Structures are given as C-alpha cells and as structure tokens.
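Below are the structure tokens for one structure; questions will follow.
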Amino acid sequence: MSSLRIRNLSFHYGDQRVLDGFTATLHPGKFYCVLGPNGSGKTTLLKNIQKLLAPKKEAVYLCGKDVSETSIKELAKVLATVPQETSMTFDFSVLDYVLTGRAPHLERFQRESQGDYEAAKEAMEHTGIWPYQQKSVRALSGGELQRVIIARAMVQDPRVLLLDEPISHLDLYHQIHVLELVKQYSRKKNLTVVAVLHDINLASAYGDEMLLLKDGKVFLQGEPHAVIHEQSMQQVYGMDCLVLENPLTGKPHIIPHTGERRKI
Amino acid sequence: MSYFHKKNLYRKLFLGLFLGLILAMVFATTLGAADLSFRDSLHIFAERIPLLRRLLPPSTVADKYQVILWQVRMPRILLAATVGMGLSVVGAALQGLFKNPMADPYIMGVSSGAALGASLGITLLGLGILQGGFTVQLMAFIGALLTVYLVYEIAKVGHRVPITMLILAGVAISAMASAMISILLLLNRDQADQIIFWTMGSVAAARWKQLMWLMPLVMGSSLWIYSYGRTLNLLLSGEDAAHGLGVDVEKTKKQLLFISSITVAFVVSVSGIIGFVGLIVPHGVRLVLGGDHRVLLPFSALMGALFMVFSDTLARTLLAPMEIPVGAVTALFGAPYFIFLLYRAKRKGGFI
Amino acid sequence: MFKKFGIFTLTLVMIMSLFVGCAKEAPEESLIETPVVEKEDNAEAPETPKRYPMVIEDTLGEEIVLEEKPQRVVSVAPSITESFFALGLEAFLVGRTDYCDYPEKAQEVTSVGTLREPNLEKIIELEADLVIASTHFEEDVHEKLQELGITVMVLNPNDSFEGVYEVLKKIGMAMEAEDAAEELVLSMKNHVQEVKEKVQHLETPSVYYVVGFGEYGDFTAGGDTFIHEMIEEAGGFNVAQDVEGWSYSLEKLIEKDPEVLIVSKYYDTKAQIIEAQGYKDLSAVKNQRVIEIDNNLIDRQGPRLAEGFEALARAIHQEAFE
C-alpha cells in the first residue's frame, strides 16, 4: 500500500491556480525531496497533505485514508511535520516540549505515561538532546531547536514525515547533521519522508527520489539522476547549469552558471 | 524542571491549597457585621457534622446566629468562591486562546451585554412591566449570551474565527451596549442606583437555590476547561504546529469560547460584573508557577476562589454595617496590580 | 500672545458679569411683611387689608415676593400637592408631579414630570405664576426657573413636625388661607397628642422599620432620622438606632431580632420579605408581626403626617392600641 497518494490535486488561491492536477504516488521507506521554483506549489502541496488547506475529496490519500474525510487527530497519528522555523513564545522545558508529540495518541483527560516518557527519552537520545532535557526551549540555538522539533516529530510515531525547508536557516554543520538524523530515523522506522528543500545538491545527496514541480504539477519524478540534469534545470528554473557527478556520493551535483567566469 | 517530573509536587500543592481555601472560608464565616466569636462559629459548623455533634457540649449559641451563619454568610462566601473560580479559569483560558495577556472573561463584550440585559430588567421591573425577582438575572443571562453570539457572528470569516476580529467586534458591541445603558440611566433616574449597584457586582444576595446549580456548573466547566490544558499549551506554540499535533484549531476555539461564554454568562447573571479577578489571578499564578496551562488552570481556579473570599470579606467588614460592592474591592486591588503588570510589560517588552 | 488672550478673557468676563447682574436685579419692594390677619368673627366683615405684594421667606432663606395672589400654582412635590387639597386650594393648582397621587382628584391635574426634573416647557405652557417645591429639588432646575422669570418658593419641612406645620402656614399665608392653615395645623397637633397619650402606658416593643431590603442592601431608619424619632414617640424601640443614616445589614437585623417589622404596603414588600432567605427566619416573621403601613403618609411629610404617626403607632402596638 502506498503511504501517500495524490490524485489530480488542484488548488486555487483566489483566481490563481497554484496546484494544477497534481498527481504522485509515494511509497514507504523512501526519502522524497520536493524541488521547484517559488510559486510552483510546494508549500501549498504540503498544506494540503496536512489538511491546513482543505483538499477536495479523493484527492489526497494518506496510508489509504482519504485526508478530506479524516479527522485532524487521526491524521496526526500518522503524519508529523517539521516546519521551517518555530517561534517559542512558551517557556517549556525541552522534555515537556518533546512530550507534546504524544498528544495525538492521548485522550482528553489522559496524562502522559511512563511509556510516553520512554519514547521521548529514546527520541531525544537519538537526536542528541537528552542532556538538555530540563533546559528551557527558549534558551536553545537554532540547530538545537530544530533537533528538538525533530525529536518531537519522532515521538509522534508517524508513518509519514513532512519537512518544510527544515534546514534553510541553519549553519552548515547543522544542515548536514539534521539531514543525517532524518535519514537514519526514516530507515529505521521505514518512514516515508517528504522534504521540501531549496538546496538541490543536498536534496540530491540525501533523497531517494526527487519530485520536481513546475506550474503546480509534477514535472519529473524519479531518482536524482533522472530528474536533475541540465535540461530540467533550464526548463524548470530557467537556469543554465553544469551538472556533475558528486565524487563522494555519485549523485548529480549542479553548478549554476554565475556571472563571472574564469578565463580559461 | 519539567512539568512531567513535577506532577506529584503539583498535586500535593493543589491539595494543600484546597484545604487552605476551606479553612479560609470557615474563617470568613466568623467575620461580619453581627458579633459572632470564632469558637461559636466553629461550634455551629461542628454541629452539622454528625460524628462531632455527639462529642460536643450542648450548644450555647443562639438560633439566630445559626441563621446568620448558614443563611447569610455561608451562601455568599460560597458564591464568592464559585464566582472567583469561574472567572479565573475562564480568564486564564481566554488569555491563552487570545494569546493576549490583557484578555479577561469579559473580552467578548459579555459584561456590557449582561449589564444591558440587567438594566433593561431593572427598568422594566421598576416600571411594573416585568414581574418576579429573578427576572433581572434572566435578562442579564440572555443579554450576555446574545452579545457573545452577536460578536461571534460579526467576527466570523467563513469557517474561521480570527482572534483579532473577535476582539474588535467585542469592543464595538461593548461600546454600543454601554451607550444604551447610559440612555436607560438617563431616562430612569429612579432606578439609576440599582443599575449602578448591579454593575458594580455583589454577592450579597447569594441564595442556596442559586448555588445548587451554579456551583456544580462552575466546577464542571472548570474541570472541562482544565482538560484543554495540553491543547492550550499547543495552541500557544503556534496554530499550525498545534494542527500538526492533532488539534482541530477552529473547533477548539469554538468549544472553548462556548464554554467560557456560558460560564461567564451564568456567573455574571448572578453576581453582576466583578472585574479584575479574571485578569489578575491568572497572571499572579503565572508569576509563581509558570505558564503551563495544566498548572495554570487548576491553580487559577483555587487562587481565584481564595481571592474572592478575601475580597468579599473585606467588602462586608471594612465599612460595616454598610456594604461595599465586592466589584469595587476587586477593582481597588486589581487596578494597581494591572498597572504594575503594564510596567513590567514595558520593561520586558511583552510576555505571556 | 498671552497679553491678548488675557485682555480678551477679561472683556468676556466683564460682559458676562453684566448679564448676570441684570438677571439678578429683582425689583426692590418694601420689606415690611404685611401682618397676618387673626381669626375674627365673620359678622364684623372687616376691611381686608391689602395683602399683596407680600414677601415670604422660604426654607432656603430666600425672600419670595408675591405681587398678587397666585392664581396658577405648580406643585413640584407630593406633600405640597396634598397640602393644597387639604387647605381647599385645589382650584389654584394647575400643575403637579407624576408622584402626586393623593387625593385621587389630584391625578386630574396636569403633570409636569418628576420632582428632580420637572418639565420646564410644561411649566411655562401652564403659565404658572408660582412654583412651590419641597425636597429633591435640584439647584440647576431652580436657577433655570428663576432665569425664566418664574417665582419659585422652596418649602422644606426638614424632618420635623414643626417644619411641616411651618410649610402649611406659609402656604396659607401665600394663598390667603391662613385660617384653613391654622385649623389644619391644630387638628394635626391634637391628633398627634391623642396618639401619644394612647401609647404612654403601653409596652415598648422592639421595632425595625424596613425602608429597603434584599440584594441592593438593607436600609432602615438610623438613630439620627426623623422616622426614628417618630418610632420612639410612638412608643417603640428602634433596634437600628445604633447606626446613623440609612444603611444597615441583614446580619445585624437577624442579631437584633426585633419583635415587630414595619414594611411598606407597596411593591409587594411583605410578601417578598417573608419568603426571602435570611429574613424568613426572623421572629417577627415567624410570629406574624410584619405590619404594612402606607409609608407615603410618613415619607411625604405633608398634611397626612399625623395620620402617618398614628399608623406607625398602630403598627407597633396593634390590638393594644385600640
């Protein structure tokens, strides 16, 4: 069974068509990267999957369930999201914050149990933030915070993990580190990861499959080699690039033509 | 220290404070315009407890003091505690819901609507058009609910209810209601005193019959709101994030607003408009115990009850035998504290 | 700049004071009060001396000048209205307040509104040549009427029997009805004396006079009030004499537990109070000694005050009073 199936999803903002008959099938255990220029519909796509925007009937299926007919709580049991940035207005301790990831699995009057605590501990140890458990979330750096949020997503125990540009604001070390974490975790739990990334090269290095969007539709879907090449970059981004093979990973690596060229 | 680890501590603290509340209420029954000693007061209480009664020497306390304690003081102390509880819990919840530290239980114009209803009731009763002693309460209740409904309808945008719109609509409707009350006051000078008295809030007219339904109602809704503690924490982290964790944000807003409005409408119809309690008690609790709603809500309930018992005791003993409306006492405390909060906010640059 | 402003203001003030001065200028008449004619034999058909213009000092200490006998009088108080009817002067009454409901015939007179805010247009429309006010008369209304050139006389009994008699006498004087006034005052005095004699040898029960009760507070006649005096003179013991003013508290009432509760017969007061939480446990309620009286008799401090005094005595002593 596919973990995420999108059929002919269209979405308007006013009279602007942002998603136009979007169709894609995603399978468990794979790391998908969603690429595309601004306005190609990436964020709208994620919002539809999360049901932050209401998709039409029979347009989005998550683990076999029609999203438009599923309750928000049920959705949260299988779907976790890591947003780009989170503002911490609240003075939670890291432990309490991660524990909130258990919320979808708890009833109204139910309290967090020892089992929930263990799950949180495990997730926090994986992400290396267990030493900070009593620290206030407001006292964390960007990188630490993003790891906390990933830990929380893990604690949610989802089948599908959505990431909306999760590393754009992080330094180089943390960018790599976070992606590594996510990749390991998804392998371990056989998750479906859908990550919107701006950095095409990082996407290429970590993603199992790419989805390249243009004008609200899937332009190309497939392994990095099949999707990232000079033609597709030109057609989708209008960019002239040089596409090489990354010597470390063997995956495609783009080098855009910048203004100044070296004189040969 | 995280909430998870402190749970037991909080439980014990809650129980302790609860006992403190009971003691405070017992103590409050010994104070009043009539001359009743502490011993006699305890004696009267003990008589009601079947086991203790046998251990006691026969009562030397006159019947009339029993009447004073059970029929005059006890009901109003209980009413004060109930009102304090209801207003504080709702205040805390709305502060979280509106993400606004200045929010209080009357933010949706409930107070003006109730006051208008009550003013109409008083005026029409005074003119002999309406009959019956409870009608002012009923009118106040209807006024409160109608106002909330009106504000809600105005602020609605499709299926969503933007918080900013709610606040603005509340302000507008409040202004309108206040204007209408002013006109009523002008046209009915004879009832002016009563109207003003009502709006200042009082628990003097506490009746057991009212308490019979008001107490369970307020306790029930406080408990229900408490169950939203985790959800409120999530909402404060961001509506989208809360959504991602399974919170139906719009539905939750509606549910919380609904139960808050009903609770406040009931409280206001019985006691008039007692201000500042719903605003400052949650802030006070936050200062000491932090902003986690699973802690904030129950402790606001307790401290609110305590605060009101205290204020009411002052209200009826400061200038005895004359009674100050309890709303005036809470304002006397509340206003300076509110200003203090503003100064803190200025220095810190905003806080929850 | 400042200098200009100062001069402007000064000029303005000067001009305004001119106006004020003009308005206040009342015609100077002889200040000798014309003597009150004694009760004489009708047979002697005396030459009635010229009474008017007459100057009467009202309760506020103002000298009211009556050029001629007032023909169209507006009363702005129930006590004044009642006085006019009691003195047989109803023919001269052209205006009354909404509250002037006694005697019944008074309701046929045109109403000018309330005591606090009588409708000025109506008063002018009625071409009143004299307005008599009593309590609750607002100063700005007073001034406004004077500005409009209407003669206003304020007669306030000021919480005493003597005061009430004074008011009646002054009305009598103003309206050429001194005889009627004297008669009425005498009969009232006799009435009061009768009542006092009756209660002299009776027991003195403890009494609480309900002015107001319930959620808006408890109000009664404190030790410094007129009603308190009357209760004491009527042979009762006012339990609320330990306070001054009107505020009391339910607790104290229960503590004092008076033998008799006196309530107003209006607004269903008795029915409400015997059912009310706290009040219903009072001895007076249990022993059915909650007595209704027509409080208007007392509150209005008018010609029926002696009746009110008797009603009070009856309420206090009940059968023993007969």
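Labels for the chains are A, B and C, by order of writing; each one numbers its residues from 1.
To be clear about the criterion, a contact is a pair of C-beta atoms (placed from the backbone, for glycine too) under 8 Å apart; a residue touches a chain by one contact, two chains touch by 3 or more.
Bear in mind that the values here come from a model prediction, so they are computed numbers and not experimental data.
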Could you run down the chains that neighbour subunit B and subunit C together?
-> none
Which two chains share the largest set of C-beta contact pairs | A-B
Using mean CA coordinates as chain centres, what's the subunit A-subunit B distance in Å?
-> 45
Chain-centre distance (mean CA atoms) for subunit A and subunit C, in whole Å, is 86
Subunit B to subunit A touching residues, read off their complex | 1-5, 7, 99, 227-228, 230-231, 233-234, 236-238, 240-241, 243-248, 290-292, 352
Please name which positions on subunit B make contact with subunit C in the complex.
-> 32-35, 63-65, 67-68, 71-73, 75, 133, 189-190, 193-194, 197, 202, 204-205, 207-208, 316, 320-323
List of subunit C residues in touch with subunit B within their complex = 114, 116-117, 214-218, 243, 247-252, 254-255, 257, 272, 277-278, 281
Which of the residues in subunit A come into contact with subunit B in the complex?
-> 50-52, 71-77, 79-81, 83, 86-96, 99-101, 103-104, 106, 108-109, 111-112, 117, 133-134, 156
